[in-house]
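The following pair of complexes shares a single chain, subunit A, combined with subunit B in the former and subunit C in the latter.
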Partner chain A sequence: MQSKLTFWLLTAVFVLFILFLYGPMIAIFILSFQGPTGGMTFPLRGMSLHWFADLFESSRYGDLGGAFMRSIILGLLAMVITVTVSFFAGLGFRRKFRGSGVLFYLAIISLVMPGVLTGLGIGTLFTTLGLRTNWLISGLGAHLTWTLPFGLLIMFAVLNRFNGSWEEAARDAGAKRTQVLTQVTLPILFPGLIAVALFGLTLSYDEFPRSLLTIGTKNTLPLQVASLTSNVTTPALYAIGTLTTALSLLVIAAAFAAIALTGRKR
Partner chain B sequence: MTPNRMSQLSVLPFTTILTVFTGLPLLMVVLLSFWTFDGLEYRPEFTLANFAAVFSSPVTWKIFGNTLRYAAITWAITLVLGFAVSFYLVFHVRNLKLQIGLFLLCTIPFWTSTVIRMISWIPFLGREGLFNTGLMQLGLIDQPLEFLLFSDFAVILTYVNLFTLFMIVPIFNAMAKIDKNVIEAALDAGATGFQILRTIIIPLSRTGIALGTIFVVTLVMGDFFVVRVMSGGQSSTVVSAMKNNIDQMYYPQAAAMAVLLIAVVLGMVATILRVVDVRAELAK
Partner chain C sequence: MSKVGEIILDKVTRKFGAVAAVNAVDQVIEGGSYCCMIGPSGCGKSTLLRMIAGHETPTSGRILIGGKDVTHVRTGERGTALMFQNYALFPHLSLTDNVAFPLKIHGLGAERRDRAREMLARVQLGHMADRMPSQLSGGQQQRVALARALITNPQVLLLDEPLSALDEFLRLRMRVELKRLQNDLGITFIHVTHTQPEAIALADKVIVMDHGLIEQAAHPREIYDRPHSPYVARFMGGQNVVSARVLTVGDEIQAEGAEGGRYAFAPRAALRAGQEIRFAVRRDKIRLDQGPAGGANALPGKVINVEYQGTFVKVELVTPQAEEFVAHLPESDFFAKPLHFGDEVVARWQPQDVCMLVGSNNSSGDALAH
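Moving on, here comes the complex of A and B:
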């Protein structure tokens, strides 16, 4: 099984896969620095920041700044709610309780239901009840139907490695329930919770199908970008891509740094 | 407080949010599919007309067939690719730090925008894209290949690009848990590499394969944007057809199609969960 041939064959597959994964993204990063007369494909006609500047100056791209702000706010809200709610849900799921089976299946349904359908349901539910869809209420709720089940699954994995006897020891030593939670359970699970936070933030920030019918009249960034794909035919589209991907990478780097730091403290 | 109560209280926010934003909307879609649409608006009067329209239309069967075909092809490719990559990382990369580093390299795109990753293919696949100009400069072709962009090929390529991660992560996790001593023992007993793969690694990776399958199949079946953009509007799936219905305000008919799709998707997921007890395996 450790034959040289299999090894090199699989190495080749892996390298090609990484190229396949990153190649197109790298291509649009390069193309976003296209000169003012350049087009959507190679060759580059000079290098410039023209298309980045255009994003901020031209009104052709709609309310990009506003869409970005809404996506960030939604992402942060989804992150805070996902971390808190899945933390307690994970703790609750450590033992069987009445209704735990049904709830688990509801979480699975929430995860596998096509996003546009979740949106359709939420949208028509709101209309039928005489409410307006709004990005902060129906939009946020739609995002949570995706981030919460994910958060719960990660909590399952995190709690696997958590030993319940640590909590018991604290209780035996006379700690109150809240003390056990804040001084034992929470600090030990903290790196896992950062992972849940990373998922909550980025999944919501990039969410497209669930936003479609639930955010009301004002677009979030993925919707704005999606609508631009059909009518913007300049490298400005790639400039948006470069900016939002750079931001995502920054968030991921920050999360990993936080996990590494809290891990080292112990 | 009893432990039962304690747990129920602890999951209460989770239960509430999912009931309001998944449970009730799902019920709403089912109700809506039985409501009457008069050409302008829908109202709560029971009818089976929506389902009759959906079932009697040959278009329905065509788009369901098309969706399932996309799902099956994407599933097969992502499974082989995801399995090979995970297998390589777990059993051929011996240095643990390098292994984790390469695994993260595979997962980073998951946290970036799918819309952006999809449009990244356009400068590659177009008539004047990198593939065509590259092949023409090499003298392999003298006319641009037309099938690269706005075709089934482009759709499936994009799906594989976007969704293989969802195969790699669970399969990698399952494989990483396999006790290396079992493989050593099999080698000592004279098993060939293929026998080890077939009798040890594949059976012990089945939770990962099952989870990855659920993700990939449901993501493909729920997609409308990739198919709309990458097929250039030439191909449609259930959700993209539904989206057209919604744009024309035919909500009840869209809902009837949605109910059908949800039934198919949940049926598939339930079958997979029945074969592999994902929940019990996750708790290991």
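Moving on, here comes the complex of A and C:
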């Protein structure tokens, strides 16, 4: 009796949790297909792609396309840098060199810092140095303070399951350093690097607090959307949400495909 | 024997900080022989193996393989191949590609996969050539590791505890296969182990190590029958170690144990009166009787354990000597006059069965005894 009651209680909690997690998202998906005369809340007044078209046609959303492109470029740059640096840093940290502990905590500490403060710091630094903040320079730097420590942490988890004797076996077979790296280390760690890449891309793509004071005059997508929420009151906002979510799902699918293609059946 | 596969260690030392893991080791390992290095963990045997393979560089000293100084030659170019303890098969490559890997590194084209398949067939895994390592059992993984090590036709095959990850049944079977393979190939095998029966069964030469030093290096029979030091006697097993003090030296050495026992044996080493000595007597050379104590080479004791072992019976005694004392009695002798827990007995042996332990290493050697 007792266990049956517990079962249903826990099930109810879990269902509520799932609703809380996905309910708002689903509502936004549905509402983004609102008819031309519909508003930002239910009920739906017909179904249409009106608001998606409006995004591309109307000028009242500002430079949405530009913001999107900047976010993608920033995300890709952050991704490439994060993967490269995390990979080699992770390999380096396998050796317990002098000061490795301090260096690790220095790298991780920016995860704990409130993002707005990090952004404020970078912005102030640029102003003090007489430099103008710019999305590709100070913006990228701010994003890296967020994506790099994450990448490094994931790399540590990935390397935990990496057996150093694989590399020794390769050397024993006569492989030189670059051959060990390209034929053994890199292929074995590849799925982990995809995970680091995914995190680098998505964390940067939807970064807000660190971008706020470092991005300069041209907005990234999250900042643009945030500014739209205060003056746009149409379901076009939801259409943006649906589009970016679809893009995210596509990226994840591509990542899984990459792992499946190269990882084979380990 | 030609010089091919001969290994000469010349004052090889490897220090980690102030600790010498391997300390000025001199040794010649004949080409084409099967050599086992044995000792408790931390004795330096694995470090020595890794230096021969080139994964570690000696702090000082030289290593020669086949007459060539390879001390600073790169791993993989010194005619050695190492089989790793955990096999270290590449998880992202099929068995064929794993075995072909060394050939690929050496720049071979498509033919490498054919040769890899041949080698896999040789270790009876030809039918699994396209599987991934994770789909194999431990014993099969080991064969793949063996195939990968042998594909480059090394002069010397180095095996780091190759059988320790297998269950008892497989271990015995692979032991036979390793020996047969070594016979077929005629190359030098150096096999690191911490299992005494394995070393004795396989090796032409057993190298017993402790604290970075070679304690004794000889044919297994010599090691087992005439251990150099108390440590070797205890570590290799099958022996009882007795402590005594020399009374008189002459045609016969007379000695007295701290417990008052009298021991007599033929002189085999230069001894002087008053000297503290230790000697070993093989467990299977001990006879037990229940008569009165007295006479030379007799040690009274009480039975504390009896184990039937099939071909013999192992009887453990507690004696006035500090160390454990064990007799292996022939099965028929024992059951003609069975002994029981608590029986008072006298252990006796012949003077010619006494082996003087001239080496000074008196450590217990049971760090890994099983």
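Here, the second predicted complex is superposed on the first by the 254 of 266 C-alpha atoms of A that agree within 3 Å, B and C clash if a C-alpha of one lies under 4 Å from a C-alpha of the other, contacts with A are read in each partner's own complex, and residues count from 1 in each chain.
Basically, contacts are C-beta pairs under 8 Å (C-beta built on N, C-alpha and C of every residue); 3 or more make two chains touch, one makes a residue touch a chain.
Computed from a prediction, not measured in an experiment: that's the story for all the values here.
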In the overlaid three-chain picture, which partner chain does A:168 touch, first (subunit B) or second (subunit C), both, or neither?
second
Partner chain in contact with A:41 - subunit B first, subunit C second, else both or neither
first
Contacts for A:124 in the overlay, against subunit B (first) and subunit C (second): which applies, first, second, both or neither?
first
Regarding the shared-chain residue A:179, is it in contact with subunit B (first), subunit C (second), both, or neither?
second
Touching partner for A:58 - first (subunit B), second (subunit C), both, neither
neither
Subunit B or subunit C: which reaches more residues on subunit A?
B
Just to be sure I read the superposition right, which of the two partners does A:233 touch: subunit B = first, subunit C = second, or both, or neither?
neither
Of the partners subunit B and subunit C, which touch A:187 in the superposed model: first, second, both, neither?
second
Intersection of subunit A interface sets (partners subunit B, subunit C):
none
Flag every residue of subunit A that touches subunit B in the complex, lowest number first.
1-3, 6-7, 10-11, 13-14, 17-18, 20-25, 27-28, 31, 40-42, 81, 84-86, 88-89, 91-95, 97-100, 103-104, 106-118, 120-122, 124-125, 128, 141-142, 144-145, 148-149, 152-153, 156-157, 160, 198, 202, 206, 208-209, 212-213, 222, 225-226, 229-230, 237-238, 240-241, 244-245, 248-249, 251-252, 256
Subunit B contacts subunit A in the complex at 3-4, 6-11, 13-15, 17-29, 32, 81, 84-85, 87-89, 91-92, 102, 104-106, 108-109, 111-117, 119-124, 126, 128-130, 133, 161, 164, 173, 183, 187, 193, 196-197, 214, 218, 221-225, 229, 239, 242-243, 246, 251, 254-255, 258, 261-262, 265-266, 269, 273, 279, 282-284
Can you list the subunit C residues touching subunit A in their complex?
53-55, 74-77, 80-82, 84, 86, 88-92, 101-102, 104-106, 132, 134-135, 148, 152
Could you pull out which subunit A residues touch subunit C in their complex?
163, 165-166, 168-175, 179, 183-184, 187-188, 190, 263-266
